[in-house]
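You will see subunit A twice below: alongside subunit B first, and alongside subunit C after that.
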Partner chain A sequence: MRTAGVIMVLLGGSCAGVFDPILFQSKTERRNMDCLRLSQEEGAERYPGQIPPKGGRALAGFQPDVMACSTRYLQPADRNARDEAILSTLSLQVTELVESAGALAPRSARWHVDAFYPSLAVAQKIAVTARTTLAERGFSVSDRVPTLAAGDVAVLASLPPSEAYRTACARSFETKVLGPDELFLGLMIVDARETRLHAGLCEGGVWRWLP
Partner chain B sequence: MVGSALEVFGRVEALDPAMRRLRRGGIGLALVALSGCVTFYQPQLALQRPVAVDPQQPTNFTATRVLVRCHPAEGVEADVLCRNVRSSLSKQGAKVTTEIVRPNARAPESKEATEAPQYVIDITSKLLDHSENFLLNVLFAVSFTLVPSWEEWTFSQDVRVRDATGFVLAQQSFQERFVETVGLGIWGINAIVDLLIRPKDEQVTGDGAKAEFTRDLHAHLAQLLHNARVRARVMNSFEPEPSAEAAKGTAP
Partner chain C sequence: MRALAFLCVLAPLAALADEQPDLAERQAELLRAEIANQIQLQAAELLDELVLGWTKEPPFETASPTVLAGLSVPVSLGTGLEAYLENHFAGLVVKNPGARVQLVHCPACSAWVVHSGAKGTVVSRGFDDPEALAQAGVTSGAKHAVFLDFETEGASLVLRARITTLDASLKIVAAKTLTTSTAVPALLRDNERLKSVAETRKEYLEVLGGRGLLVFPVRVAVRTFAPGFNSTAISTPFLWVMGGAEAAFSQGRAWTASLNLGFTWLPSAHVGVMAQGRVSRLLTGSSTSLTWPDLYLFVGGGVFFVQGRSALIFRESTPTIDEILNINQNNEPRTTLGMFTTGLELRVKNRIGIGAYLETYPSVTNTDNIGTYLQLIFNFQSFGVEVSFCF
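Moving on, here comes the complex of A and B:
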């Protein structure tokens, strides 16, 4: 009996390993999670009530860490691979580009934003995210998308990206689609297999790519 | 690294009294059990995202000169990583040289390429966490491996792609976790499930975890390098990529 008791205690103590959730998940389930390893202190701040604050062990010098995982809403195959790669990092990418653009432009300018992406639905998401991010940073953002005349658009569509954006910017300024105190921020991909957005800024008829 | 039977054997060898019992019980049984490890791989950060570049395409990086620099760290075999990345990128058409970056000295591994690289990929791998359950290891030994041992590793890779002048074109951090259980019981159950139920790409008793991680990492490295190339073109106003002569002397 005593031996059985000892074994039960040992088994109980080792349950943490045996019942690791990963052992019972399918490959798809394991791949459909985004996880982040945090210190216990940071975890308690982010997930109060779910992760206890620093305990006696931590105060004694033992630094436990926690892993915060969230299951994604969409299954990996639900969206096109490039769309999924861009949308899953959209906020991060757009924030970087918007901050870079914001640093180059005068504070008083009025911003127009548009995105150029093969899928219209994804393009709209990119544009809305950029507008929201600009507005959150206190910039004046317009809902209007500057539109060139049909003849200009037809010509621009035939140009490679290296020329198209530059020409469209100059033309917008010449035809007063964009005023002197207005800026146009364009977000786009220029290669069918890339998963990183680029951005360019049109100011006073001059187009420049953002670093 | 993970799944190495030698490593597993070494770990059990440390449990001397238990090992003696195991030996008495039969070396054969122990060997069967020790070879019976089940490894689970869980991509945690970025590695599970899909990529738009097909890393099987032999023309992805035709004639692109790449220097892969691997930074060694505890628990990571930088030379193996560099060699594998080199092989993967070479199959996609790139001319790859590798370098293991040591704290005080640089030891180029390959002297094949004489031209300066157009892109430099820095890979810094780290073992973030390693834990095992002592109680389970004891039970593993006294139960003749019917109770499995359990061990986990979490690794990270920080990857930066720069151009020849040192400008960072793309960067990404990856993180993954491996859980390894060893034991006749758990291996037996999983072997039966693998045989009867699990589809081939879901099986856990072979080398699948390692292969899946390698596939993920190489696909993402290809995607990063592709993104970096496109970004370099955009930054250079879509000018053609610099020639070898222009790149010489500007490499870091």
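Moving on, here comes the complex of A and C:
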């Protein structure tokens, strides 16, 4: 079973592995693992029956550590490399950006969120993550995505990204697609080669990139 | 001829090469199916957790007609998983009315809608443009829409659920992110009796606690001795009741050691006591099973003392009828014997067990009355069976 959990116990401070099932994994399989180092106490708490509680050796001064490793669901080759890099860190990246955005905006505003990414499926995942994270933090979030008129979109498509977002924000405010008490949070990659998400906030027709 | 043979060898290889793209595609499909099979349990589990959360903290004050507007699975996985999860979610909501989510059917909500107005023509899904649905006269009665999104993030599966109002604002009224890890086994909860992770963990710990390091077995055993080759005397079977303590070296209970004290009594025949120690090794795996019986091999040693007519059997010579009948109450025959035991025990969930064993008595070598059941390095003069109950 590819997704079976693997537990490894190490003797803290010494080089000997007490029990190392990872030895039986191939190099490729090992590279596809997420590992977390825990104290023995925490390991026994999280994996009862698999990690023994602190025993006599711990009392005698040994401080064993536990390495808990799990195989990732998908192999690196199963998805596009850039998509995989974005999706496997989605919560982390989006939470950081949403927290930055939340700190800059008034609490009473209504949020609209959209993501701009070459793959539509991944763009939807990014947008959903941001909406859910904002709503969980108590912000007023709408599922509606502000849409500009077809003529505006045709003009925006001809502009470089740095200019396009600024213009789109101003145009949304002018055409009342976004009201004065509404905010638009956009998440995107600016360069097609990058795997780091950026975000910008549109408030009152003014676009600003988030730090 | 050689050329023909060469052709015969190469032809299948060429055919195989032609099939390579198909094979790769098929393998990729198999791989996807395998991953989907593993994810489905965890995904179903996250849905269980979501609905359980709704039953404890309902998203609505009263039951609200809600449409399942969207369910998306991790990127690169297929729609078969979507169908399974949609059915599972619907089943959960129906069986847990406390969640106050009343699913309604609204095919137009997920259909593509083209709406032309003063601002232009907008193409969208029905639930993204409820005004267009209303103008078209499509009324499902749904007031809310629920969206479920699954994504894998490394070794974790994440569920993001949100409920929106089905009006012009499309306001998100409830949102929840739930995550799990592949290191945590699926809980496999019953749809109708959902339990929280904390409750399930408690049950799991109780199961583990049920196989603690120390148990107290009570054994009822029957021990027989092989009849001597030329002797007319036959030993009566000894019925023993034993109790003791058994310690495991680890929670897997691969190795255990026990110390038992026993008592035997047969009216007008004998009374006896015994002390025995055993070391057992699990043969069926490296840890005990919660679902299958476990087979142990054990070796041990002990000593027993018996007093009464039955003890005459351990004398060197055959007891006469007078000796058997005219036992002096104040001077009953008695004997003390040392023994070594080896046997097998089949134990179910560390609660009940059945065992059979052979014993050798080093001091019983010159008697005519006791024979040998098996000669294998040692002379095994005794055979016994036992039933164990562990507390």
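One rule holds in what follows: the second predicted complex is superposed on the first by the 170 of 211 C-alpha atoms of A that agree within 3 Å, B and C clash if a C-alpha of one lies under 4 Å from a C-alpha of the other, contacts with A are read in each partner's own complex, and residues count from 1 in each chain.
FYI, a contact is a pair of C-beta atoms (placed from the backbone, for glycine too) under 8 Å apart; a residue touches a chain by one contact, two chains touch by 3 or more.
Nothing here was measured: the structure is a model prediction, and the numbers come from that model.
Shared-chain residue A:S88: touches subunit B and subunit C both. By the touch criterion defined above, A:K125 lies against subunit C but remains apart from subunit B after alignment on the C-alpha atoms of chain A.
In the superposition on chain A, contact of A:D34 is made with both subunit B and subunit C. Looking at the shared chain after the overlay, A:S26 reaches subunit B, while subunit C stays out of its contact range. After overlaying the two complexes on the shared chain, residue contacts for A:V206 are found with neither subunit B nor subunit C. In the superposition on chain A, contact of A:A154 is made with neither subunit B nor subunit C. Residue contacts after overlaying the shared chain place A:T195 against subunit B, while subunit C stays out of touching range. Of the two partner chains, neither subunit B nor subunit C is touched by A:L104. The contact surfaces that subunit B and subunit C form on subunit A in the two complexes overlap at residues 7, 33-34, 88-89.
Considering their complex, residues 7, 10-11, 13-14, 16-18, 20, 22-23, 26-27, 30-37, 65, 67, 69, 76, 81-82, 84-85, 88-89, 160-162, 190-196, 198, 209, 211 of subunit A touch subunit B. Subunit A meets subunit C in the complex at residues 1-7, 33-34, 47-49, 52, 68, 70-75, 78-79, 83, 87-91, 110, 119, 121-122, 124-125, 128-129, 131-133, 135-136, 140-145, 147, 149-150.
Looking at the complex, you find that subunit B touches subunit A at residues 40-45, 48-53, 128-129, 132-133, 135-136, 138-139, 147-148, 150, 152, 154, 170, 175, 177, 179, 181, 201-202, 212, 223, 226-227, 230-231, 233-235, 237-238. Contacts from subunit C toward subunit A in the complex involve residues 31-32, 34-35, 38-39, 72, 74-76, 119-122, 128, 147, 149, 151-158, 160-162, 164, 168-172, 174-177, 179, 181-185, 204-205, 208, 250-251.
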